[in-house]
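Each of the two complexes below includes chain A, the first together with chain B, the second together with chain C.
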Partner chain A sequence: MNAAARPLGGGRRLPLSWLGVVPFFIYVGIFLLLPTGIILAGSLVAPDGSISLSNFAGINQPYMFKSFTGSLEISSVSSILGAIFGALLAYAVATGNPKGFLRRSVMSAAGVVAQFGGVTLTFAFVATIGTEGFVYLWLKDRGIEMYPNGVWFFDLPGLTLIYLYFQIPLMVLVFIPALDGIRPQWREATESLGGNAWHYWRYVAGPLLFPSFLGCTLLLFANAFSAYATANALLTQGGVILPLQVQALLTSETGSSSPGLAKALALAMIAVVLIVMSVYALLQRRTSQWLR
Partner chain B sequence: MTGARRVRLQILRAVIFLFAAAFFLVPIGAMFEFSTRGIGVTAPRTLSAWAAIPSTPELATAITASLELAAITSIMMLALLLPTMVWVRLRLQGLNRIIEFICLMPLTVPAIALVVGIKPLYIWISLNFTDSILALAFGYLILVLPYAYRSLDAGLAAIDLKTLTEAARSLGAGWGTVMLRVVVPNMPSAILNASLLSASLVLGEYTFANLLNYENLQVAIQYVSLVSAGTSIAVAVASLLFAFVLLMILSFAGGRLQVRSPRGRA
Partner chain C sequence: MNWHRFHRLVFAAATVIVVAACGSTSTAGATDWSKQTSASGGGGMDALVAAAKAEGKLTVIALPPDWANYGAIISGFKAKYGIDITSLNPNGSSQDEVNAFDGTSRAPDVVDVGQAVALANTAKFAPYQVKEWNDIPGGAKEATGLWYNDYGGYMGIGYDSTKVPAITSVQDLLGSAFKSKVALAGDPTKSNQGLNGVIMASVANGGSLDDVSKGVDFFKQLKQKGNYVPVVGTAATVKSGQTPVLFEWDYLSASHGKDVPTWKIFVPSNAIIGGYYSQAINKQAPHPAAARLWEEYLYSDEGQNLWLKGGARPVRQAVMTAAGTVDATAAAKLPAVPGTPQVPSGDQTSKASQYVVANWSAAVA
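On to the complex of A and B.
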C-alpha cells in the first residue's frame, strides 16, 4: 500500500504516514464514536421528532429516581465493603514473599474472578446460600435458619453480597501497587524516632495510602454502577437499578415508542461513570508521585 | 522486625487468607455439588446433568459460537491494534495520547450504555449484511480494547522498537516482515496476554449478546436454566474451569517467556 501510493504522494511523506492509522480510526469511528454520538444526539430528540430536553425530564420520574437510588446504594455499599476487604487481602498478599507461589496464585485468581459475573456467578451463590443451596441446607440440618426474617438473598442485599465476589479481587489488583511502594525503611525510621505501630499507620503509611485507597474505591464504584448481567440474572423484579431500567426501555414495547429516553438514561450513566473515573485518575496521579 | 510482631502478622495473614479462601472457593464448590445432585431428596450422586450437556443442541451451538467469537475477536484485535500501535510509536508520536484515550474510553462508557447506541448499528447490519451471531465480534472488539491496549502497551514499552525496525528495514524487510518476523516474536507474552484476556472476556460476555438478541454461551446458560437447572449449572462450572485453564496457561507461559526474552529490554 505504501509502495503503491508513493508516486502519487510526490515525495511528501507526512500525508502518507497518516494512512497507517486510518483503519483504526475508521473502526473506532464506526463502533465506538458513532454509537456514543447516537446516544448524545438521540437523547436530545423528543418523541415527536423535535429537539428538546424533554427526555431528561422523562428521567425525572419517581420510578427512575428509585432505580437511581438503588444503583447508588448498591454501588457505594459494595465498593466501600469491597475496598476494605480487598485492601486487607492485598495487605496479606503484599507482606508475603513477592516471588512466592501464594502471591502468584492469588494474583492470577484475582485476575479471573474480577472479570467474573453474570449468570454463572449468580448460580454459584444460589447453589451456596439460596434456599436449595449447600450452605443453607447444611446449616438447616444443624437447626440454624439463615433467613429468619424472610429471604433477603433475591433483593439488593443479596446482590451486594454477590458483587463483593468481583469487587474484592478488583481491589486487590488495583491497590497492591500502592502497598508495594511502601518501603520497610519508613517503618524502621518511624521506630528509630520513637514511634509505635499506631504512629506509623496514622502519620506515615495511612496518609500515603489514603489517596490510592480512595481512588480505588471510586473505581470499584464505577465498576458496580455499570454492572448489568449479575443483577439481571438474580433479581426477579425489574428496574431495581439503572442498568435494568435501560434494559426495560430497550426491550419493551413502551421503550421503542420513546427511544430518546433510553439514550438520555444511558447518557446519565456515562456522565456519572465519567465523573467518578476522572476523580480516580486524579487520585492515581497523586499516588504515582511517590510510587517508584 | 521483632519476633512478636512477626508472629502477630503471620496470624493476621493466615486469618485473612482463610476467610478469603472460604468466601471465594465455597460458592464454586457448592455449584459443583449442585450439578451432581440427583432428582429427589435421597437420590444418589449423579453426573447426568453433565452428560446432558452435549445432548442439549442449544448449548452445543452456543458453545461453538462463543469459542468462534473469542478466536475472531482476538485475531481482529491483534490485526487492528498491534500495527496501529507500532506505527504510531515509530512515525506519529503525537497521536499516541489520542490512541490511548480512545482505547481506554470503553472503561468510562458502561457496556449497558454503549449497547443503547450500538443497537441501531446492529439492526442495520442484520438487515443489510448478515444475521450471524459472529457479527457480535465487531462490538466485542470495542469491549476488549482497554485490556488489550494495556498489555500490548506494556509489551511494546519493554522492547527497543525503533532500533529493531530500523535494523530490519535497512536489511530490506518490508513492513509485513517487520511486523510478523521482528515485532511479534519479540513480545510473545504481551500478545498472548492480550489474546487470552480478550478470549476470556468474550466467553463471559452477556450484556451485548442479550440486548442485541444473539444467543451466545452466557445467554444460552440462562435459557437452559429455566428448563434444567442442573445442566445449566454444569455448563457454568465447565465454562468457569475453562477460564481458569486459560489463565493458568497465561501465567505459566507468560512466566517462562519472560525468562527467555529479557534481551529485548536492553
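On to the complex of A and C.
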C-alpha cells in the first residue's frame, strides 16, 4: 500500500499520481467518515438538547445488555461455526486439483453466495423452512413437526442458521489464500525428517494457519455483528440484537424514541467493530510474513 | 442617508410589520396559506381550493392503501381536486413520519400519527381548524388545532376460524390449539398498534391502563407455551397463514376478510381498548394550501364516510349519525362494542411504552 502511493517516476515536479485515489477518499469521506461524525455528534446531544454524556449512561440498562449479548451470541456462534465448516471446505478445495471441477464450482458458488443477504435471503429461508415454507409443510404432511417446542426459526437460532448461509462461503473465500500458501514441500520435509501427520499439523501447518484462521473468524464476527437487513427482515419483534435496537430507538412511535441514545449505541457498535478489525489487521500482518 | 429618508424608511418598515401582524392579505394579493389557521381566514374554501390547485401537489407519508381505506381516500382526493399525491414510505411508523420533516420540498405536508408522537412533536405542527372543527370532541383535539383525532377503533384479536377454535377470552390463547399461531401486528417496543395489543392483554389479565406488566407477563406465557410467533403480522402474513391469530386494530383486521373469508374478530368485553390516530400539518409544509385542503377533505362528510367504509370509526361519526349524513351501510358493518371502551391517555401510553421497552425482549426473546 505504501509503495503504491509513492510516484514511481521520481523525476516529475508535480506528482499527479495521487489524483487516482481522490475518488476513493471522497467516497470514504462521504459514506464512512461523515456518517461516523454525525453519529458521534448526535450521541452527545441529550434528549433536552444539551450537550452531555447522558446517552452513554442510558446504555447501562438490562434490556440494552440483552441486545448486546444477543449480538455477541449470534456473531460468535455464526462466526465460529462458519469458520470451522468454511475452513474444512476450503481445505478440501485447496488440497484438490487446482484446475479441477470441485475448486472451480466451489469458488464461484462461494463468491455468489457470500454476497447473498438481506430480504431476499430471509425470504428464501422463510419460504423453505418458515411455518408456511414448503419443506416445513412437506414434513408436516408426513407427520414430522419441525418446531415441536415453538418456532425457534423466528428467533436468534433461526437467524444464526441464515447467517451461516453467507458466513461459510465467506470463510472459504478469505481462507483459501492462506491454504494455498502452504507448500506441499513442507509436508515432504516434515516426513523426510521423520515426522508424522500430527507433527506436521502441530508444528508446521497449524502455527502457520492459526493466525489466519483466527483473523478470518474475526472478519466473520464483524460481518455478522454489523449485519442489519437480514435480521430486520426476520426478527420483526423487539430489539433482540443491537442493530435492531438502534432501529427501534430511532423509529419508536410510542414515546420511547431517543435518537441520541440510538447514536450512542451505534457508536458502541463502531467501537466493537474497530477493536475486532484492528486485531484482524494485526493477525493478517503476521500471517502475510509466511504466506506469500 | 439623510434624516428625512431614514424616517420614511422606518415608517415603511413599521407599516409592513403592522400589516403582517394583522394578517391582512389585501396588499400582497396572494394569501400565505402556511400562516392560515382556517379556510375562512384565508378567504374561504374557494380560495383554498384555487391555491391548492396552483400548488398542484401534496406529499403524504406512511399511509398503506389497505389501512383504513387510505387507497380510496387518496384517489378520491386526486379525482376531486386534480392534485397529484406523492405517498412516501407507506409502511413507515408515526415516528418515521415526523422524522421526515427535513425542511426540503420532499418533506411530507401532512401526517397521520399515534397519540404519543402527536403530543411529543407539537412544535413541528402548524395549527389549523377544519370547517367541521366544532364537531370534534374537546378531548380529541389540541385547542388551537396543532393536532386533532381523525379515526380510531378498538383492539381486537383477529383469527382464521378454520385454523383455531372460536376465541371467547384472551386466556384461550394459552391453549394447545394455538401453538405457533399468535402474533402482534407491530413490535410493541416501537409500534403504537403493537403496544396497544399488549395493553389490551394486560387489562384482560387483571392489569390496567396504568399497569401494562400483566400484558408482558401474558406474552411471556404465550412464548413459554410455544404459542407466540415473533413475526409482525401484516396482510401478507395473514394471507399466507403465518399469523392465523393476530392482535390488531379491529378496522385493520376487518380488511383481512377479503383474503381469508373465514377471518373473524374477537373484542374481549373486559378489555376494550380504544385508540385514535391524529392529523397534523407540517409547520414547514412545502404545499401549505394543499395540506390544508387535504384536512378539509378528510373531515368532510365524504372523507369521514370513506374511513368508515374502511371499518375505522371517524371522529365525526356521532355528529354525522345525528345529522343523517353517515354512510349507514358502512356503519352497520362495524363490529358491535360489547362494553365500555377505555382509551389510554398520552401519559399512560408513554409510561406503558417505557415499561415494555425495558422488559419486552426479556419476556419474549
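Operating definition for what follows: the second predicted complex is superposed on the first by the 244 of 292 C-alpha atoms of A that agree within 3 Å, B and C clash if a C-alpha of one lies under 4 Å from a C-alpha of the other, contacts with A are read in each partner's own complex, and residues count from 1 in each chain.
As a convention for this text, a contact is a pair of C-beta atoms (placed from the backbone, for glycine too) under 8 Å apart; a residue touches a chain by one contact, two chains touch by 3 or more.
Just so it is clear, the structure is predicted and the values come from calculations on it, not from any experiment.
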Touching A:Ala266, do we find chain B (first), chain C (second), both, or neither? first
Quick check for you: in the superposed arrangement, does A:Tyr228 touch first (chain B), second (chain C), both or neither? first
Once the structures are superposed on A, label A:Leu88 by its partner contacts, choosing first (chain B), second (chain C), both or neither. first
Thinking of the overlay built on chain A, is A:Gly118 touched by chain B (first), by chain C (second), by both, or by neither? first
Which of chain B and chain C A:Ser52 touches, first, second, both or neither: neither
For A:Asn196, select first, second, both or neither according to whether it touches chain B, chain C, the two together, or no partner. neither
Check whether A:Val151 is in contact with chain B, with chain C, with both or with neither, and answer first, second, both or neither. second
In the superposed arrangement, does A:Leu274 touch chain B (first), chain C (second), both or neither? first
Go through the superposed model and pick first if A:Lys66 touches only chain B, second if only chain C, both, or neither. second
Shared chain A surface residues [contacts with chain B and with chain C]: 132, 250-251
Quick one: in the complex, what on chain A touches chain B? 2, 17-18, 20-21, 23-24, 27-28, 30-39, 42, 88-89, 91-92, 95-96, 102, 104, 108-109, 111-113, 115-120, 123-125, 127-128, 132-135, 164-165, 168-169, 197, 222, 225-226, 228-229, 232-233, 243, 246-247, 250-251, 262-263, 265-267, 269-270, 273-274, 277
Residues of chain B touching chain A in their complex? 5, 9, 12-13, 16-17, 20, 23-24, 26-31, 33-34, 80-81, 83-84, 87-88, 91-92, 95, 99, 102, 105-121, 138-139, 141-142, 145, 175, 200-201, 204, 206-207, 210-211, 218, 221-222, 225, 232-233, 236, 239-240, 243-244, 247-248, 250-251
Could you pull out which chain A residues touch chain C in their complex? 61-63, 66-67, 70, 130-132, 147, 149-151, 154-156, 235-240, 248, 250-257
Seen from chain C, its contact residues with chain A in the complex are 92-96, 99, 113-114, 116-117, 119-120, 179-180, 184, 187-192, 195, 223, 225-232, 240-242, 346, 349-350, 352-354, 356-362, 364-365
